[in-house]
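Below are two complexes that have chain A in common, paired first with chain B and then with chain C.
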Partner chain A sequence: MVNLIGFYALVLGLGLSFPIIFFSIQNFINSKILDKKLIFFTFLQFFLVLISFLGLIISFINSDFSNETVFNHSHTTKPLFYKISGTWGNHEGSLLLWLLVLTSFIFLFFLRSKEQPKKYRILTLLFQQLIIIGFFIFLLKTSSPFNYIFPLPSEGLGLNPILQDPALAIHPPILYVGYVGSSLIFSSALSAMSLNYISKEWAKHIKEWVLISWIFLTIGILIGSIWAYYELGWGGFWFWDPVENVSLMPWLVLTTLLHCILVLEKRLMLTSWVVILSIAAFSLSMCGTFLVRSGILNSVHTFANDPERGLYILIFLFSLIFLSLFIFFFFYKKNEKDKLSFFLVSKETSILINNWFMMYFLSVILIGTIYPIFLDVISSEKISVGPPFYHKLIIPFLIPFLFFMTLGPKLKWIKSDLSDKIYLVIFFILSFLITLQITKHLETKFIFNTILIIFAFHLFFITIKDFVVKRFNNLSQNISHLGFSLFILSILFNNLFSTEVITNLKVGETFSSDKFNIKFEKLSQKKIENYQSIIGKFTIENSNGIIEIMNPELRIYNQPKISTSEADIKTDFFSDRFITMNIVQNQEYFNVRYQTKPLMIWIWLSTLLIALGGITSFFKKKI
Partner chain B sequence: MKVKIFQVLIIFLFVIIFLVFYKGLNNSNIYVPNKNLKKEIPNFSVKEFSSNIKIDSDKIFLDDEFYLMNIWASWCVPCREEHALLVDLSKHKNLTMVGLNYKDNFVSAKKFLKELDNPYKILLTDPDGLISIEWGAYGVPETFLIHDKKILIKIIGPLNENDKNEIIELIK
Partner chain C sequence: MYGRKVKLRFFFITSIFITIILTVFLILRSLEENVVYFQSPSEIQNISEIKKKKIRVGGMVKLNSITANMDEINFIITDFKNEINVIYSGAVPNLFEEGKGVVAEGYLKDKNFFIASKILAKHDENYMPPEVKAALEEK
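So, the complex of A and B:
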């Protein structure tokens, strides 16, 4: 029954697109004011998708195995929380969630754009409907979440245990708001371009949506990364995995877009940048969906896939790209002002320079991600691109990037000079001395890292100084930039000062080094509803004589039968201690891996700070 | 004029990207492990496809007999391509066909076999892909010729006529 309701709500929702398009066109040509019917239909479409989504959640809660999606991804012994989060832990359900966010956003857009011209609002709705229809058909045709199974199976197949985790339960919805928000920016940019309505007012209005997408994308990536850190059990937080990269690319584009929008709002410049970035943000999000869901790449995020889906998204993606190229080439009129008034020393120049750096970082990641696919198709040669590629190409260029990030906010719009900027030099010398103090005991071979630390400290001190001197003037930018400098610093120190021990131990044995002793005390067992576990007890004594007890775990889940290794992590403000154990085949020995990772928590906190800057900007009263 | 050329170039670039992605869809995987010949087969226990009963691998692979183990999935396009050759090979008397259904959905896997014929004498299922990893397989399809619990040859990707002839030659 719930299955039927869910399915027909979707069909009706798709059907509603026709009256929406019909009335939009009518309204676009004829009347002066916006037809209230459109808002109603848009709401109804959202409401139908909501019903369908709730229907799927109910099926998951009731473990209704006559539904194929539920059968494939749930199990009666799963805790309620994971039954619910299982709704979007699979391809079909996550697409339904995607559609839900898509329809809710266009409805919210109507509510938030009352001062905008009627034609612009309707055209945005039309472009957004194209995307919505595309996803409706995709969902209904290739991945319906409401397929029946007959005869009724008595038990489901279960959710992959590494997905049974609180962070991962909220990671997809948050990330989707970020991705889908970019679809609205896309539609809005196309519409503003067609109507030649790219103006300061438009910039002010769309900035809100850019901020929302950017904030959610930032937090979504952060949660995914935290999950990878404690769940995958190798103690890293970013692996340059293709799927991580496809989320980072829209993020870079949105960050750049955010800065360009500011320039557009103040100076009516960089219009081409804004338009192209708006299109790119959504195209890259879709491209990510394609790479992940088509099975062209292999990763944790690949659901059991089918090439028909890949083909559909591919055609859909490129139709949208060609449509936007068409509009860009034929409708876009370049603003003459763009060429006129760039002075070398000004805020907009430093933003422009950093835009180019951002585009460079973007191309490095783009090439690293899709070049292996190209090479495979063209020459059948297989390569894999790993972290060294990204590190070598990105780290050196972060140095000038940080410099302009420090300098830019200190300059004025239009034209500025450097005569009163002596304090920049003073702080730079200070940063240099501090870095020297920290790194002199290290035989660091990485000259770039040292220089990078200097520049990151520089940015850090300058933003701190602004907090003290300027108080709340430009608070949001200060918070984000402070966050970024902390982010770079904590990653660098984390890399430079991490230690790691990998050894085989059995119960009762002790591993000793000059820094710490690791003693394997005992093993115990525990049985929980959906898994059994073996828990090790280790005592770690460091050189200061402080003793800490750590309990890494090995879990064997019952449905499906998979064993996972749960790290035990002790966190404080200065460092993380991280321990995992694994069974060595057919022996009483366990493979033990112990890591100390300084400033780990600051990586998360600083990313939160970056997002917090966006949040303050969002809630700041417009003066 | 300059602008026009630029526009054409951009469109051309995107067309190329489209074509590459389109072709890439049919190559299902990026990583290929080395061919390991004469390697012992791993010990594992696995569920039978339709009954879900667990079987140990040494009950399946007996000494002195030839087995052809094929890892497949209904969602994999190259599997569809090679399927006719597997059906041909299943007619050879001294070869036992073993199928390992990889990360698949029960309903569509059954439909696949109904539609294209079932060449497998023993059909096993590997819903989470763990057994395939033990075999050193990273993608589908992959095929192993096994004798005396040793892997004689391993074919990555879909079988072709040459592979088929090589297998027939070996089991004579």
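So, the complex of A and C:
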């Protein structure tokens, strides 16, 4: 019953697209004011998708195994919380969620764009409808979440245990708001371009939407990264895995866009650049969906490998890109009325320079992600591109990037001079001395890292100084930039000063080195509803004589029958201690991995700070 | 002569052009140095010389082949045609089991011994890395 309602709500929702398009066009040509019917229909469409989504959630809660999606991804013994989160922990459900956000955003857009011209609003709706229809058809045709199974199975197949985790329950919805938010920027840019409405007012209005997507994307990536840190048991936070990269690429574009929009709003410059970025942000989000959903990449996110799905998204993506290029070349007229003077030493220049660096980082990541796929297709040679590639190409260029990030906010718009910037030099010398103190015992192969630390400290001190001197002026930018300097610093220290021990131990044995003694005390067992757990007890004594007891865990889930290691992590403000253990099959040995990771928590906190800057900027205008 | 503006624009466009070329060159060069090739045990038997380059080897973990001591874990990767001994000291992922697919990354010692520095995790019991699948299908 619920299944039927869910399915027909979707069909009706798709059907509603026709009156929406019909009335939009009519309204666009004829009347002066916006037809209220349109707002109502957009709401109705959102409402229908919501009903369908709730229907799927109810099927999951009731463990209704006549539904194929529920059967494939749920189990009666699963805790209620994970039954609900299982709704979007699979391909079909996550696409329904995507559609839900898509329809809710266009409705919200209507509510929040009352001062905008009527034609612009309607045209944005039309472009957004194109995307919505595309996803409706995709969902109904290739991946309906409401397929029946007959005869009725008595038990489901269960959700992959590593997805049964609070962080991963909220990771997809947050990330999706970020991804899908970029669709609205895309539609809006296309519409503003066709109507020749790229202006300071438009920049001001669309900035809000860029901020929303950017904030959610930042937090979404952060949560995914934290999850990977404690759940996958490798103790790292970023693996340059293709799936991580595809979320980072739209983020980079959105960050660039956020800065360009400022230039557009203040100076009416870089209009074409803003438009290109708006298109790129959404195309890369779609590209991410394509890579993840097509099963080309190998990762946790690859739910099911179905070439038909990938092909559909690819065709859809290319038609959207083609459409936007068509509009860009044939409808778009440059709107920079007064040919503005452009001086070398100014805020615009530094923003522009860092834009180019961002695009460089983007192309490195894009090539590193796409190249292996490309090579596989043309020569069927299997390769992988690992972290060294990215580190080598990104780290050195972060140095000038950080420098312009420090300098830029200190410069004025239009024209500025450097004579009153002596304090920059003083702080630079200070950063240099501090770095020298910290890194004097390091080998010379870390030369780039050391220079990077200097510049990160520099940015850090300058932003701190701004907090003291300027207080609430430029608060949001200061918070984000401070966050970024802390982010770079904590990553570098984390990398340079981490230690790791990997060994195989039997119960009762001790591993000794000059840094730690790790004693495997005992094993105990526990039985929980949907898994069995084996808990190890380890005492770790470090060279200062401090003793810590840690309890890593191994879980063997009943459905699906998979074992996972749960790391035990002790966190404080200075460092994380991280231990995992694993069974070595048919042996008495356990594989034990112990790591100390300095400043780990600061990587998370600084990313939060970066996002917080965006949040402050979002709310500042309201007050 | 040309005006200042034209000269400036010319300078601007050339510098952008040069930057882009340099960037692409730089990226492709380090790509060449840093890619890791994937090989099956049979492919390793057929290579002519042992290079000092990181590779990935994939296939099935042979039944009853895992042994361990305090420092290392040894096992055999097979594609049911040829096999290779792997010496590994490092952390093992959860789904590392005999009779299941595996991908190991490291250096070849000779055609029969592989020193692995990493074993790749997979996250789903039914899931097989595309490389391993292709390698097994070739037999």
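The rule is short, and it goes like this: the second predicted complex is superposed on the first by the 614 of 623 C-alpha atoms of A that agree within 3 Å, B and C clash if a C-alpha of one lies under 4 Å from a C-alpha of the other, contacts with A are read in each partner's own complex, and residues count from 1 in each chain.
In this section, contacts are C-beta pairs under 8 Å (C-beta built on N, C-alpha and C of every residue); 3 or more make two chains touch, one makes a residue touch a chain.
Since this is a predicted model, take the numbers as computed values, not measurements.
J.: Quick check for you: in the superposed arrangement, does A:425 touch first (chain B), second (chain C), both or neither?
T.: Once the two structures are laid over each other on A, A:425 reaches no partner at all.
J.: When the two structures are overlaid on chain A, which partner does A:384 contact: first (chain B), second (chain C), both, or neither?
T.: It touches chain B and chain C both.
J.: Return first, second, both or neither, reflecting whether A:368 touches chain B, chain C, both chains, or no partner chain.
T.: Only chain C is touched by A:368; chain B is not.
J.: Between chain B (first) and chain C (second), which, if any, makes contact with A:325: first, second, both or neither?
T.: The first partner, chain B, only.
J.: Once the shared chain is lined up, is A:546 touching chain B (first), chain C (second), both, or neither of them?
T.: In the superposition, A:546 touches no partner, neither chain B nor chain C.
J.: Contacts for A:565 in the overlay, against chain B (first) and chain C (second): which applies, first, second, both or neither?
T.: A:565 sits against chain C, while chain B stays out of touch.
J.: Mind working out whether A:509 is in touch with chain B, chain C, both or neither, as first, second, both or neither?
T.: A:509 sits against chain C, while chain B stays out of touch.
J.: Let me test your reading of the model: by the given contact rule, A:447 touches which partner, first (chain B), second (chain C), both or neither?
T.: Neither: A:447 stays clear of chain B and chain C.
J.: Decide which partner touches more residues of chain A, taking chain B and chain C as the two options.
T.: Counted on chain A, the partner with more touching residues turns out to be C.
J.: Regarding the shared-chain residue A:160, is it in contact with chain B (first), chain C (second), both, or neither?
T.: both
J.: List the residues of chain A that touch chain B in one complex and chain C in the other.
T.: Residues 160, 298, 372, 382, 384, 560, 562, which sit in both footprints.
J.: Under the touch definition given earlier, write down the residues of chain A that touch chain C in their complex.
T.: Touching chain C from chain A are residues 160, 162, 232-234, 298-300, 302, 356, 360, 363-364, 367-368, 371-372, 380-386, 388-389, 392-393, 502-505, 509, 511, 560-565, 580, 582, 584-587, 589, 591, 593.
J.: Residue numbers of chain C touching chain A in their complex, please.
T.: For this pair, the touching residues of chain C are 19, 23, 26-28, 30-31, 33-38, 56, 64, 66-73, 89-98, 121-125, 127, 129-131, 134.
J.: Spell out the residues on chain B that touch chain A in their complex, using ranges where they run on.
T.: 7, 10-11, 14, 18, 20-32, 73, 75, 77, 103-105, 107, 127-128, 130, 138-139
J.: Show me the residue ranges of chain A that touch chain B in the complex, using the header's touch definition.
T.: Within the complex, chain A touches chain B at residues 68, 72, 149, 157, 160, 290, 294-298, 304-307, 310-311, 314, 318, 321-322, 325, 329, 372-374, 376-378, 382, 384, 560, 562.
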